[in-house]
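My questions will all concern the structure given below.
Residue numbering begins at 1 within each chain, and the chains themselves are lettered A, B, C and D in the order written.
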């Protein structure tokens, strides 16, 4: 029944219920000697934490991380790193009233059926708050990856049908955290923000698409035939609460392409790549920069593969997109069932909820991609 | 580096290169006492095997399965079941000529970079032929699931932009294996077939979308927060060679929906469900579980969730769709690189290839869904 | 590199350094609905905790367990149970002085070589204090096993060459916790106690043998051919710090036996077993009492197998013994090496240490046996 | 229920019943580019195969290995290596007659109870013949280890109470395969041989002790706190059919030692080690020879630890001993139970059996130690 551990070598185990004592994670398999402080982790947690803009839930959590083991004199020991954030701004009252009602789109019904018991307060273990632990672990993974010049960038590319225009890598890196929706196209960001406020006012919610790109991934990560890099990414991303779809590279668009369109042709780099310009597009693999010498390397002209062939990284940017469903908790009235009385009821959900979870899923999706990459890195090294 | 085992309790390990001695699989964790014959497995292998229609590769393989262990007096022993099919119709000559060339869209480049060596004949381990082992294992999984009244049906819903219309469950079950494209909408099937022949004639290939539905899945399968049912399905399906995207239920469409549209409202079944009619739609959860008393159960009116909430099955049909890229092996000339000489070349791929892999991916995708479900079933039972 | 998780289904992950913030454990896979309080766990921790007699280290730790997740309204949720005990009576000064010296028989040298860094305070992760987390997890395992009428009893059977006489099951259950050495033979216990005080006074330490018996284990636990019950027990017990040997049933004595002596003959129980008498001996399998009806069952007359045949439990008591080495920390002068200066030194270890670890290993060994049995139980159920 | 896979990174899955089609193994995670031929594996299988001397069973099996995948042009591909040996000299008649009888000391009873079915022919999956697959996998592991100058040597040190005298490393290496009992002390070997013939004539069997030493193991292997090197070795060795005990270094003798006797003091090597002489003893760590420069390294004067401290290799020889029970199959009459008729019977076992399994367990135990070391090597490298 256990299912709260992720990774083979860099192994992450999370725990915690939304209104319980704390949310935590044990990271086992982190290399020894890595400089690590609570500040390193806090930075990522701050990107995920609630209550920072009008677009997110009003629950206020400082989400201050505590490292309880595995670090000594500012360096990792090679032993398990235990981290937690205490749950503080807990208000369980709105949940008391509806504790037996299966909220549509939520896990109340399935948890109750599977376990015969559940912590109904704030969604318990099924709360999005669970992802704080993922982000904390992901912060360590990112730090390791950065030592290998691998960088992970997530951004919102679509909300409620509003599609962001494609941007170059520099724009992506500098713009994303500038607006509350985490969209690199600032014009689209404005429209998205307006839409979110509008659906919130209407007691509703809205979904979107988040893209995560990993730059600098070397050739060779992923373990066929089952633990392929794309397979591991798909599992990692689909395990995030609100995600209903995952695609790599051209993704579902590939279904409408011909082989002659889809195949990325190989060529040999004849000179150092020119500096990034707007016309260059990481979706097309033009921006891979490990920092090292590029000349003489084999690469692809396009990147429909999303940086993965045969389940192994090609060296081009790894490009994933996830479909994020609209937040299930809405204040509009819904029909549902009281599971104790076994009768149908009308439900109006109170409590504090994000009208659109996309902006806050960005750091979570980045964390999951980081966990996959660091684990695949280590698995590839293990010979 | 090992990555050829799938599953936690019902554990499948596959092996074999396309032009090696054989393709095989060891199934560990199959319950004892199950009646099992080679015929049970052969039936599924026959659905996958090549050379059966104009739409598939001309390689002729009987793909006759041999069971080497784990079965005694027609029943499983609870010990590992070792199965293999010998590779017979092997013609490696077309590969000799291009053995150093990285075929676009294939794994030649990444295998060479990762392992420093590869079996270039027929794609070696990266060949689609690897999936024969998955289908053999899946046949056992399906047999176990059938004992619990769980049925898995795959079908092609889109090829090269031609979209099949939605069908009822009976149509789905009866129509799919009737045509060479495995599309339940016979009109669309005709168009798809024509398109495939056309791209084949042009030396090209085409992609599509395959849907797999599992009927009769009980409430409770899936192990949050990482080994959620949808996460395991995503990994299983994305690990199939040509798959570039996976979605569950509404999938990417959810990104454009409001919460009030997406949420599946719960109700209590007040009477036995009427017999299936055309208007009923498994996408909407109206056809859940075959057999068993329905009255008094909680279910959802719609099935945008695709039968999974919080990573746990709801009892509604589990609905997955995969984006299948166009076959990478095309005879149209392509630019690429000779990895030994490190020079650019023009490549014309010979050999025998499927112009559209969708029809043959249907049994493979079913097998992967079956492997996930039987493993999740066992994990859920393990208390 | 990760190695801090134990179990396949009932999965335990421990963390913590001896002089760090806390010692903790995450138990994943515990069934939902189990009544569980901190008191349940505290009882076992109290049996392990230091400072309770003259025979143990003088470090005083209340070792009060905190449950941080996975329990709601006094019942387990089926989600991960996070528990910790804070480290309080920490005195790192004696370790400062010798922080670069490889203490003989300790893990200083190997940790330093493997990780390039170590928390030298109190032995860091390699401290016996690490076992507090095992005992906490084991307390839950024991509670589940007790629901199935499985009881686990450990006792000291030899210290420094003083061998306890064999006792009946009732004597075992009632006597063990009565004396400070946890030996069921009170006469031997007295001699052992005297010996321990004597070696302590001499600045030395002494080893011994601990036996753990599991009563009521049903037939069928253990998963051949690698995850046999005895193989899992051997790993679990050998993973405890001071253990240098593990044997099952007749153990090393079997090496000197003939087949006709070693083989346990089977018979059919013809009547309910008589009540336990002193002459009955659990080593001989005569005391198996699942509580259920015994008549008509097959059992063995003797129990040289230690309750395991072919890696699967027979239904007789499962009998394991471990060789416990003398505590490595002794105050007698020893020759060693300063790893920083790379020069040989004479070492006199200060700090607080157990002159004989056997009494405190009893609850730890019980915990490891409990973890194996509950995991094997679940693995056996998972079909 | 699956339990037939061993290892985390170098992962071995075995299958096969004694009188089924074949015995086989899939080795996943073997590095690519390793030269490997069937002859490499055959050499080890020949050391294990039956029918080679009067001391072993008369079953004649060529045990010719076939490699079915994972090797191309004489080199490993990094893909799974599937190997098998066909079962040829199968005579199931002696088993027909007693197919419902639980043979004492065998797994008939437990398999029947656990699985409700079993292949009674030749012991089915529980046969010692299962170890052929382990030896085949171990041959690959040994080859990898040899590349790192790690050598593994097993020998019989005791049979039926006859104890071999300690020998130096050269004697060990040269003598072991010279006599049928695989004992490096030729005088003791003679007595052991006579004893085995005598017990065979009496229709009985006899047990013994086998020691395995790994030379050249570098410092740092093993992953605390659960996957310690000694813990993994204990599991690996205890998973072999007839093994009832495992000890490391001083083992059970440590229970009678004082800390001042047991602790291995550290020193710094001041000069290259002198050439091996008879007086040097690998049990004492004096013979570690990685081939590299020794001067300036830290080592221990003695090796009571058996080359492992805190679960991590010290660099001294890793020394394990296993207690091997007398073969359960004896022709002397025994009392037992017919499980179908549920009545007590007298049993006289026919068929072909080893009167003492120790000589043939030597290559099996070596294989298991090799599998552990190569896996721990890779786990240690994976950062």
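Here is the rule we go by: a residue touches a chain if its C-beta (ideal position, glycine included) is under 8 Å from a C-beta of that chain, and two chains touch if they have at least 3 such contacts.
Being a predicted model, the structure only gives us computed values, none of them experimental.
K.L.:
What is the chain whose Cα centre is as far as it gets from that of chain D?
P.N.:
Farthest by centroid: A.
K.L.:
Over half of interface residue numbers shared between chain A and chain C means same, under half means different, so which is it?
P.N.:
The interface is built from the same residue numbers on each side, given that over half of them are used by both copies.
K.L.:
Matching residue numbers in more than half of the contact pairs is the bar here; say which of B-C, A-B or A-C clears it relative to B-D.
P.N.:
Of the listed options, the interface copy of B-D is A-C.
K.L.:
Distance-wise, how many Å sit between the C-alpha centres of chain C and chain D, to the nearest whole number?
P.N.:
26
K.L.:
Roughly how many whole angstrom separate the Cα centroids of chain A and chain C?
P.N.:
Here chain A and chain C have centroids separated by 41 Å.
K.L.:
Chain A to chain D: how many Å between their CA centres?
P.N.:
46
K.L.:
Mind pulling the chain A residues that touch 2 or more other chains?
P.N.:
1-5, 9, 14, 31, 79, 114, 125, 224, 378-379, 382-383
K.L.:
Which residues, counting only chain C, touch chain A once they are in their complex?
P.N.:
Chain C residues touching chain A: 1-5, 7, 9-11, 13-17, 20-22, 24, 26, 28-33, 66, 68-70, 72, 75-82, 84, 114-119, 124-125, 378.
K.L.:
Quick check: in the complex, which residue numbers of chain C touch chain D?
P.N.:
Within the complex, chain C contacts chain D at residues 1-6, 14, 102, 104-107, 109-111, 113-114, 125-126, 130, 158-161, 199, 204-209, 219-220, 222-228, 230-239, 241, 243-268, 296, 298, 300, 305-306, 308-315, 323-330, 332, 334-337, 339, 342-344, 379-380, 382-383.
K.L.:
Can you tell me which positions in chain B touch chain C when the two form their complex?
P.N.:
8-9, 31, 79, 224, 378-379, 381-383
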